[in-house]
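Shared chain: chain A. Partners: chain B in the first complex, chain C in the second.
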Partner chain A sequence: MATKTKNGHGGTKAEPYKGTSYKVSIKRQAHPDAPARTEVFELPYRKGMNITSVLGDIAMEPVNASGADTTAIAYDANCLEEICGSCAMLINGKARMACSALVDKLLAEAGGDTITLAPLSKFPVVRDLAVDRSVLFENLKAVKAWVPIDGSYDLGPGPKQFPQIQEARYPLSNCISCTICMEVCPQFNEDTNFVGAATIAQARLFNMDPSGAVLKEERLRALAGDGGVQECGYAQNCVQACPKQLPLTEAISDISRDVIVQKVKDFFVR
Partner chain B sequence: MAAATPRIIVVGGGLAGLSAVIKIAEAGGKVDLFSIVPVKRSHSVCAQGGINAAKNLKGEGDNVDKHFDDTVFGGDFLANQTPVKNMTAQGPAIIDLLDRMGVPFNRTPEGLLDFRRFGGTLYHRTAFAGATTGQQLLYALDEQVRRFESEGKVTKYEGWEFLSSVLDGGGVCRGICAMDLRSMEVRTFPADAIIICTGGNGAIFGKSTNSVVCTGSAQSALYQQGAYYANGEFIQVHPTAIPGEDKLRLMSESARGEGGRVWVPKKQGDTRPGQNIPEDDRFYFLEEWYPKYGNLVPRDIATRAIHKIVYEHNLGIDGQPQVYLDVSHIDRATLERKIEGILEIYEKFVGDDPHEVPMKIFPGVHYTMGGMWVDFDQMTNIPGVFAAGEADYSIHGANRLGANSLLSCIYGGFVAGPNAMAYAKSLPAQQGDGGHAAEKQRQTEMNNLLLSNPGKENPFKLWRELGDTMTRHATIIRYNSGLQEADGKIVELLDRYKCINLGDKSQWANTSFAFTRQLYNMLQLARVMVQGAEKRDESRGAHYKPDFTERNDEQFLKTTMASYDSANNQPIIGYDDVDTQWIKPRPRRYDATA
Partner chain C sequence: MGAVAGVAPPDNSTRRRGVQPLRAGQGNEFLLRKLHSLSGIVPIGAFLVEHIISNFELVHGPLAYAQQVKFLNGLPLVRVLEWAFIFIPLLYHAGFGVFITFRGRANVNVYPWAGNWMYVAQRVSGLIAFAYIIQHVWRQRFAGVSLPEHPGFAYSKVQMELAHPWMLAIYVIAMVATCFHFAYGIWLFAAKWGITPGDNARKKSAWVCGAVGSALCAMGLVSIFWVAYGKQYPIQDVMPAQPNGVVMPTVPTVNGAAEYPTTNSAGQPIAPNGVPR
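And now, the complex of A and B:
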């Protein structure tokens, strides 16, 4: 089992907030090409709110702190229980999931009466807090993150697998494609074209599967060139920020090693 | 005749949709897959506990006939039995396939699949991947579809919302009309057949365990276009959810499958924290009332028991509507290996550690047994419109057993896909444009009407009123007076809908606008639910009326069939016989001791 980090949620309960209202400062943008602006909302304080319910409150009464009518905030959200990966955004400057970001803790953490929200900074803004993260799904195609089964008809059971294999694979299979690991990575930018930790972890996941391993070499070659695993600078931001505590740095070092072995092999064989 | 390569549209990228896509792509068809969200973010990820199949790997003598019987009995005999028989028979092969796709199912020391117990059965029949089985299954199918996508066999339209089907002059489906949720463009897409896999409709109840996209909007749109909506009044309220501000978060039945116990303090107003209350002062009411099944009675039974303990015995914790779900007596290693995913949810959202303290839970709207009427080939009464998964009404009858939903989604998709292909191959060519221009025109006009509404109503507030009404009158306990009141309220809301003022009229990624379109469909479908419930004067599965506490097979061993009366803008409720050819209906009792 990987060591669990708490990432600011869970564990101890925050001190109760004393105010009757609080402010939310939101970076907004009407359109991908529109200029960004900040709009502040003042909301009555209730206990037990999370950021997605705050955004729901604003939709029900879209009036900003200056009393002017405005529009509901655009953002991505679906499951609201941190398993669909939709609602990643910058909350008080930190990349995290809006559904599991609790207002009481955020106010305690900020030490004031204001929470700031902004879209992830490394992906094209669609509108307000919604960004386009399709690059991750393209990367998953590039590393063939699947088991190439013969067909969906009944071919009997799969191979026996010791529980240890399942226990190693399961944590990697919990990746919710939120892209927070990419957002926080200093190497994930246009200069490097780095694929990011999530994709590497998925390559590792399928290389560990007894049948998925048939594509192992192709995956390693896909991660061998520019933008591949070599771009990792071992800043370790990814593993600290991952909301699902994936063992990302382990996966990266495993893949790095395998890529080197593969390169050597290819040098002699090809 | 149709083109040599049938073109099929699948709407919805959860387990059912992806299963259908895989079968079609494998058979050489072209698929366009539409989804509001990137398919990997579909609601199937929320399924936690597992997937049922009678693999009998625990030496208990389980078999597919027992699974069949448990499912029909659990559904209080309302399900047509033939599809249930087929589904349970295919269960073991479906699990094998998922295993081959690389789903990280938990294993036994020998390396075989591990199985756990779930509600409504006495067998270890539920395969699981920790407590995030739905997520793992969805990912496995998503990966297979991504493979087909990279081979050019599947085209995804993510971020598009289904508005309606395109019907030709003969009422035959020729495609869909959809809206791009970024550009707000309305467009029609041609298809020889379409498969609706759009899941549940929890949003009609305001707060539920469902995801944001589970509005039932697509199903309702098709009902308004002439499709039958069946058994709409059968809504599953899950016994154990965490109450929250924005949603009710599911606490999986697997917590009880792994030994979790439900209890309340014996003494009213006991102020001690749960972990400090000694064993003798705890009332394990499910174990006492249902000694044979204990904490693993079916969901409708457990939900009513919790309702009773809170509202009749007044034993809710701190006088609130909540009871304890306790796993703190189970050793930490077992919890980590088997249900860590759900315990993390509790810890993150509530702030207490369920390894140490009992969890506080209450029932929440979770699943619709009702849905689009389909025949045994998964086709609706509109030629060329198929449905599968939670969006259709088959399989679960009056109550769904835990861990049968993932199986029914995959089974439904696997049946719908090949049947849609077969249908498409024999479809005569369309006349003219097949109704495309007219449908696009109709949908564009609806959009324009919304954008020019002059009133003052806020769509989100109307939605909250709908949710409050539905939760009060149409969930655990139902009275005819309340159901009538609810229907009146919905009619009022439909009237006020005409006065919705969209504060945001922009035509770019306008989520309020898309939501407002869904809201209309939610209102229409809500009437189907409350009217179906009102007319069904009996108690069966999840549908319970204190004024009619017995099941009445003579009158109501019938499928409720709702159709839309467009002239009067209201549902017509009719009935159809249930296929009971395999198992003779018998009284459904879980309180026996033998």
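And now, the complex of A and C:
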């Protein structure tokens, strides 16, 4: 993979931060219809912090940089180890996971004493840094991203899955639904209503499953709908930004071909 | 609870609704996008290759260039070919391309990565090519002397056009933009139609597309500079009295009689030499 400095983890060794305190500038919004405002916090510098621990520090003593009492920052977080996909936000302007974004590296990257936080820009804000990402869930439902094994009786063991298939599927199964691939995509916006890379990759994952393949044609036809795989402009930001290094462009390419074949087949056969 | 839930009040808020979910299996955008993608390769890309190779004939001088123009205009159903395989696909590709361009939200300022720059470059080069092609088709195909009827004027028309330094600059910029757009377009086509899904396949494809684009661009630029800075020919019809289509070459005459014998020793007709003296 390319250098990982872009994701905020790994990369060049940063100069140690010299200051005793640092500032965190946070774009806040009290509720979905409230106007957005920026609030700055000043915190004593400690080594080895990440953004979720910074937000925890603020919550323990919610006083902003001008000394006024304020409320704790609302944000989504759960596992704190980049596996639940909840804490994606714009950190220093770029979409990444708050739990794996390290303060020391962010200060070095910004070159000053301020880190900026903002909610993901392409999803409706619920409050502060928490956004409504249900569009991904709706998209996963639209492409039937599951294996249909529920029945009123025992369906018995599934077909054998060869190790080669397992190996091809495993990277795609790492998706944590963080929506960073969608946030960074120039085609994912309110004009195109593009489905985004995550959903396409999951369609690929379940199409390759010997049991999930029963819904393959339905998934491909769904992805040929408006906002489907054809909206991809191949800027490849998704694969660069993905915190779990999913082979997203490969999945888009493969699904794209499968959709074309399916549509041609449907045109001549159905 | 005895109360029956009423109808929910309408949502009057002005908040953004966010990106909407996939319209699974609905709409025609898939077909339109794929037609756009395909039309850029064939017929438009194929025509671009033909156009640049044909234009390269002008390094052999006005007569060779005129004969190339005459040959192309002598193709069967040439006006049908021109509209069906050049003008209409080009209009569709350009129009839908502008639509695609203005629906994207470029964010290369935030994420300055190679693929993201190429995404922007593909759109910018497309817009440059579109603006250039409008004036190029108007000034070289429809305005001024009609080359299908007077192919002999082809070199003169190009020479007069490129005599203006501003026009020369426009041609050079447009040649680079168009060749880039075509080369990256082939790469995108291969990636988006699932021909090159793997990282390595896409890297190899990039080298091939880069080589094709560079070669085309080099040929095009040589042609442009050849006309602009090479030998300046007098403005004239080098093949006067050339009607449309295929014609028999005229027999050169001297004092009313054929200059060369028109029959062989057995009395059978032989083809006269059509090359001017």
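Just so it is clear, the second predicted complex is superposed on the first by the 251 of 270 C-alpha atoms of A that agree within 3 Å, B and C clash if a C-alpha of one lies under 4 Å from a C-alpha of the other, contacts with A are read in each partner's own complex, and residues count from 1 in each chain.
Here is the rule we go by: contacts are C-beta pairs under 8 Å (C-beta built on N, C-alpha and C of every residue); 3 or more make two chains touch, one makes a residue touch a chain.
All values reported here derive from a predicted model rather than from experimental measurement.
After superposition onto chain A, partners chain B and chain C are found to sit side by side with no clash.
In the superposition on chain A, A:233 makes contact with chain C only, while chain B stays out of contact range.
When the two structures are aligned on the shared chain, A:184 is found in touch with chain C, with no touch to chain B. By the touch criterion defined above, A:122 reaches chain C but does not reach chain B. The vertex angle at chain A, taken between the C-alpha centres of chain B and chain C once both structures are aligned on chain A, is 160 degrees to the nearest 10. By the touch criterion defined above, A:254 reaches chain C but does not reach chain B.
Chain A has more of its residues touched by B than by the other of chain B and chain C.
Shared-chain residue A:41: touches no atom of chain B or chain C.
Taking all C-alpha atoms of chain B against all those of chain C in the superposed arrangement, the shortest distance found is 8 Å.
On chain A, the surface touched by chain B in one complex and the surface touched by chain C in the other have no residue in common. Only residues 6, 32-33, 93-94, 122-124, 132, 135, 138-139, 142-143, 182, 184, 186-196, 199, 221-228, 230-237, 240-241, 247, 249-250, 252-260, 263 of chain A touch chain C when the two sit together in their complex. Within the complex, the chain B residues that touch chain A are 22-23, 26, 37-38, 40-43, 45-46, 93, 96-97, 99-102, 104-113, 129-130, 132, 135-136, 139-140, 143-144, 146-147, 149-150, 158, 182, 211-213, 244-247, 249-250, 336-337, 341, 344-345, 347-349, 351, 414, 458, 460-461, 464, 503-504, 506, 508-512.
The residues of chain A lying in touch with chain B in their complex are 1, 9-13, 30-31, 46, 48-50, 52-53, 56, 59-62, 69-72, 74-86, 99-100, 102, 126-127, 130, 134, 137, 140-141, 144-149, 151-152, 154-158, 160-163, 165-167, 169-170, 173-174, 176-177, 206, 209, 211-212.
Contacts from chain C toward chain A in the complex involve residues 13-31, 33-34, 100, 103-107, 110-111, 113-116, 118-119, 122, 188, 191-199, 202.
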